[in-house]
Amino acid sequence: MIRNLENLIIKVGDVDRRVIFVLIGLAVLIPLLTPVSLPIRETPTTVKFYEGIEEIPKGSKVLVSFDYGPSTRPEIHPMNVAVLRHMLRNEHKVYISCLWPDGIYMALDALEDISDEFSLKEYEDYVLLGYRPGAEAVIKGLASDLRKVYTVDANGKFIDDIKMMDNVKNLNDFAYIYSGSAGYPGTFEWVKYGGDPTGVRMSSGTTSVQVNEVIPYVRSGQLIGLLAGMPGAAEYEKLVESPGIAIKGMAAQSFAHIVIVVFIIFGNIAFFLKQKKERKYSK
Amino acid sequence: MTLSTMIGAWVAVFLTLSIFSYLYKDNPFYKIAEHVFVGVSAAYVAAISFWTQIYPNLLGRLFPKDGPLSFTGLEFDFNHSFNILYVFPLLLGLMMILSVFQKFNWMARWGIAYTVAIAAGLKAFGYLNSNVLNQVSASVISLFGENLPFFNISGDSVFNNIVLLLGTISSLMYFYFSKEQRGNFGKLTRVGIYFLMISFGASFGFAVMGRISLLVGRFRELIAYSEPSYNYSTIWLLILIVAFLFYHSLREKESNT
Amino acid sequence: MFVLTLSVIFIMLYEIRLTKFTDKLPFLRSIPGLRAIEEAVGRSTEMGKPILFVPGIMDMNEVETVAGVVVLGHVANMTAKYETELDVPVARAIVMQAARQVSKEAYLTQGRPELYNEDMVHYITDDQFAYAAAVNGIMQRDEPAACLYMGKFFAESLLFAETGNSIGAIQIAGTGSQTQIPFFVTACDYTLMGEEFFAASAYLSQEADLIAGITAQDLIKVILVIVILFGTVSRALFDLGLVSFDFITLIGI
Amino acid sequence: MILKRYIPIAIVAIFGSLTLSAWFIDNETIETFANDDATQFFDIIAAFAVFLGALNLLKLQFIKFIKKQKGWQYSAISIISFFFAFIIGFFIRGAYFVEDKVFFTEEAALESLIIVDISEAQQEQAYKVQENSFKDLSDAKDFAIKQNLITPVDWGAHVQKNGSLFQWMFKYIFSPLSATMFALLAFFVASASFRAFRARNFEASLLLLAGIIIMIGRVPAGSLISSWMVMYLIVLVSGLYIHYLKKKNNVTIIFTLAGFILVTIAGVITGWPIDKPSIFYLPLLQEWIYLVPNAAGSTAILMGIGLGIVVTSLRYIFGLEKSYLGE
């Protein structure tokens, strides 16, 4: 009986990876089709991020950068939408830049999502500066002279003709910088060439994968808090009280994690049993 | 819903499912999606780099409005002023393209040399500053700071600081190359490896989290496209692909026996 | 900062001088991943299968890519010697040209120019995932016996490493992309982590100049550790009120 | 020889030291060059290189197609999709705007402007554009064009603007493909962790534990697991470990029971708070792991990479390593 069980577990340990694929797929799919809600607990970095934005005086100018593309959209998009909501609710003027070529599409989508809610008006509530190639060079340029990098905005309108841009010379004229970043160029470059040299307060929302890389900056205070991946987005959505896509995805997320962990544990038990068995035979 | 949206949705679903079919195994659907992807993206990148780079930043600077070269009839107004220096990248760029001919192969070297040069020059300082110096000063810890508790799970504490210091130094010593990792030094680097491993494990955990989020996003879109307004595109295409793959694998089995 | 950069340069030049005057090369600990490269080439030769070399997905403006291309030169030397097929798909045309220069030179030095074929290094596309899809396809269809990933990588790292694993290839990775090291460590046979990867070209070339660079790095590392320890002690003394200055704020970093 | 060898080496030395020195020298010309033009130059060269790459790709695919090598049908697909995207990138932009409505073709935009008017008073059919009516369809079209009622999107802006064919391709071909390739990773990361997360030795166990704690601790499900459950689990696992070490059943049983009783007593006294003691509460524990031991490891790697890059870059600038030029 026990031996049979052991053999079975060993078999599970050697399972074809396609079986794992199917189970992971189901673990994500099922909670999406039948929504379950789970309590969300804010982590300190998210709370710090939220407080950082609350501390900006009302009506300030803020720079929001869309540094991601469609491939990482599920992680970053909910954050950026929530950040825009938070900023607009606090009556800040939003300036949008993109370091990724596809970022412009993401920004357009995000603005469309919230445009009815705030009855947004371009050139009154926000300016869409658009995409400029050059990665860190763009940030360096913004830090020294915005008009060098952006002569026209995304619609091809000359910056000098935009009233909202009147008192904006460089990064120092912003009260806050936020970058929703999925890699290079992104958080790193903003810290190195944007936040550090100008001293403007900044923070970032990153993919889960990057968290590890940017955490030293959060510790040193170069970033004020951090939004970490979709769970971070969900926590933030809860804090700004606008439940969105991220919160809805959390059940699927949790469920899939549990399935993976269960697999790992099974795999390890199988591994030990197998070792034990092999030792027996080799004696 | 417009026709273009409808066609778009069906194309998107087909391509999505074709890529997912790779999880089963390499198959004609994946190959189609892969080759479409390669072809489209090569042209996509070409168009993007021409229209956002060469057109405004090169032509815009060499042929600005009322610039010295406007007698040629070429004018590209991007509010840039004329800059003769930009002949240099034009030259290197053209040489790069010419290097497609075997005879002019060497021409690429100039561009390569320039690229490596600015990479080295710009990166060396940036990394020295943010990766080395800032990290060194962040690694200097406080042991007797005011009101520093001995242990605090989320925040600064004496215990955490000591762990940080020990971890940083021992892991750094793992990368010391001029000495074999034996004896006491070996013990130190061993500890360093432990810290590196925890760090890798944590990274991996985060990666799992991120990748699952992306899958959630992907599935949400497929679910959206399976609605009646899109004529149930996901469901139909899924049935089609699965049926074909099933048939295909049966055929393969037959031909094997 | 200026002083600091100068001192780094000075340490490097000093080490080079030092190695020039002593005939013996300085001792370097072994890095298993590097020895494995030659084994991998050998195994591919035995099996009559190609070797796949991926120099990352970034352009030559990343130091990692350049380091990867330099390693490619050494690998091409080996494949020329063993007459093994080499396949290098690249994601940037400038990298393609550099990789061609390097491998052509390698085949020439080995006296096998007839084995060199320009198309062994070929461009696919600049886009990250299109490139990944195509490289996965190449792996599935050509079944290389060894896959080497040396350069700057992003999310596609695990797509490569898992596919390589499923076709049973020996996999050796080297990268300075911190986020991707864990995936390579878990899915590949050998991984050159961060600094090890930058040291690789010196190890493989065994040239005095390059090895001196590594000993210079080591010297700097020791200095850094001393600075950290000294800084901590002085901070502690400062906090206790025993001294009136703080070393780190004093030297201004 | 000069063109092929010495100039490239000189370029590396000159531009390398120029950009490096820009950080220290207070000269505006050098500074603007390093901050702005240097990378701008590179981006332009890289943009030219993309076309070189495309030529290479097409060449190989055409060879495959013409020689009917294995998989030539797929090469045809590549070639066709390349030209499809190339044409809508450079020759047909789509996106004809009529006020804020957008059409793919000029024809469709025109048709939207023209109203066919068959009012009885006029007896015969007329075409109306705004307030003007025309007998002939082509007159109506000419009028609409002359009045600039249709504005095609500017060249260059068409890659950034909603409504163009290029944008359609981006939305329905390019982005689902890249997002799905990325999402494949969810499956691969699962199978890789299943295979690689085996407690072979102490190091591997650390990797595994850190991974699992982060995975569970960071999602909402993790905050539902009480620290007491984790403690019971630890007692159980260490019981198993003691059994493995001593191989004596009674020692194991006594140890495990004692552990359970201790935990239970502690729980009863404190009233089972879900997140105390915090070191066993997964959301807090994961926070500690990633802020302390993980940060230590990351810092070291960061410094190592930094040093590696600095020294390697200097090697290139000083010309100690020039094999990438085919030397």
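Order of writing sets the chain letters: A, B, C and D. Residues in each chain are counted from 1.
FYI, a contact is a pair of C-beta atoms (placed from the backbone, for glycine too) under 8 Å apart; a residue touches a chain by one contact, two chains touch by 3 or more.
Not measured: the values here are computed from a predicted model.
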Measuring between mean CA coordinates, which chain is farthest from subunit D? C
Best-connected chain pair, where connection means C-beta pairs in contact: B-D
Using Cα averages as centroids, what's the distance between subunit B and subunit D in whole Å? 5
For subunit A and subunit C, what's the span in angstrom between their mean Cα positions? 30
Chain centre separation (subunit A, subunit D; CA means) in Å: 12
Gap in Å, rounded to a whole number, between the CA centres of subunit D and subunit C: 23
Which residues does subunit C have that touch at least 2 chains other than itself? 1, 5, 8, 59-61, 63, 66, 93-94, 97-98, 101, 124-130, 133, 141, 155, 158, 178-179, 181, 183, 186, 193-195, 199, 214, 217, 221, 224
Return the residues of subunit A touching two or more other chains; collapse runs of consecutive numbers into ranges. 17, 21, 24-25, 28, 44, 71-74, 131, 133, 209, 211-213, 216, 219, 228-229, 231, 253, 256-257, 260
Find every residue in subunit D that makes contact with two or more other chains and list them. 20, 23, 38-40, 42-43, 45-46, 49-54, 56-57, 71, 160, 170-171, 174, 176-179, 181-182, 184-191, 193, 195, 197, 207-208, 211-212, 215, 218-219, 287, 290-291, 294-295, 298-299, 301-305, 307, 309-310, 312-314, 316, 324-326
Subunit C to subunit B touching residues, read off their complex: 1, 4-5, 8, 26-30, 59-63, 66, 93-94, 97-98, 100-101, 118, 124-127, 129-130, 133-134, 136-137, 140-141, 158, 179, 181-183, 185-186, 193-196, 199, 214-215, 217-218, 221-222, 224-225, 227-229, 231-232, 235-236, 239-240, 248, 253
In the complex, subunit B touches subunit A at residues 23-24, 48-49, 52-53, 57, 78-80, 126, 129-130, 134-135, 138, 154-155, 199, 202-203, 206-210, 212-220, 223
Under the touch definition given earlier, write down the residues of subunit B that touch subunit D in their complex. 4, 7-9, 11-13, 15-16, 19-20, 22-23, 31-58, 85-86, 88-90, 92-94, 96-97, 99-100, 106, 109-125, 127-128, 130-132, 135-136, 138-139, 153-154, 160, 163-172, 174-175, 192-209, 211-212, 214-215, 217-218, 221
Sort out for me which residues of subunit A touch subunit D in the complex. 17, 20-21, 24-25, 28, 38-41, 43-44, 69-74, 102, 104-105, 108, 130-131, 133-137, 140-141, 144, 148, 154-156, 211-213, 215-216, 219, 228-229, 231, 234, 250-251, 253-261, 263-264, 267-268, 271-272
Using the touch definition from the top, list the residues of subunit D that touch subunit A in their complex. 35-36, 38-40, 43, 154, 157, 160, 162, 167, 170-171, 174-176, 178-179, 181-182, 186-187, 190-191, 193-195, 197-200, 208, 211-212, 215-216, 218-224, 283, 287, 290-291, 294-295, 298-299, 302
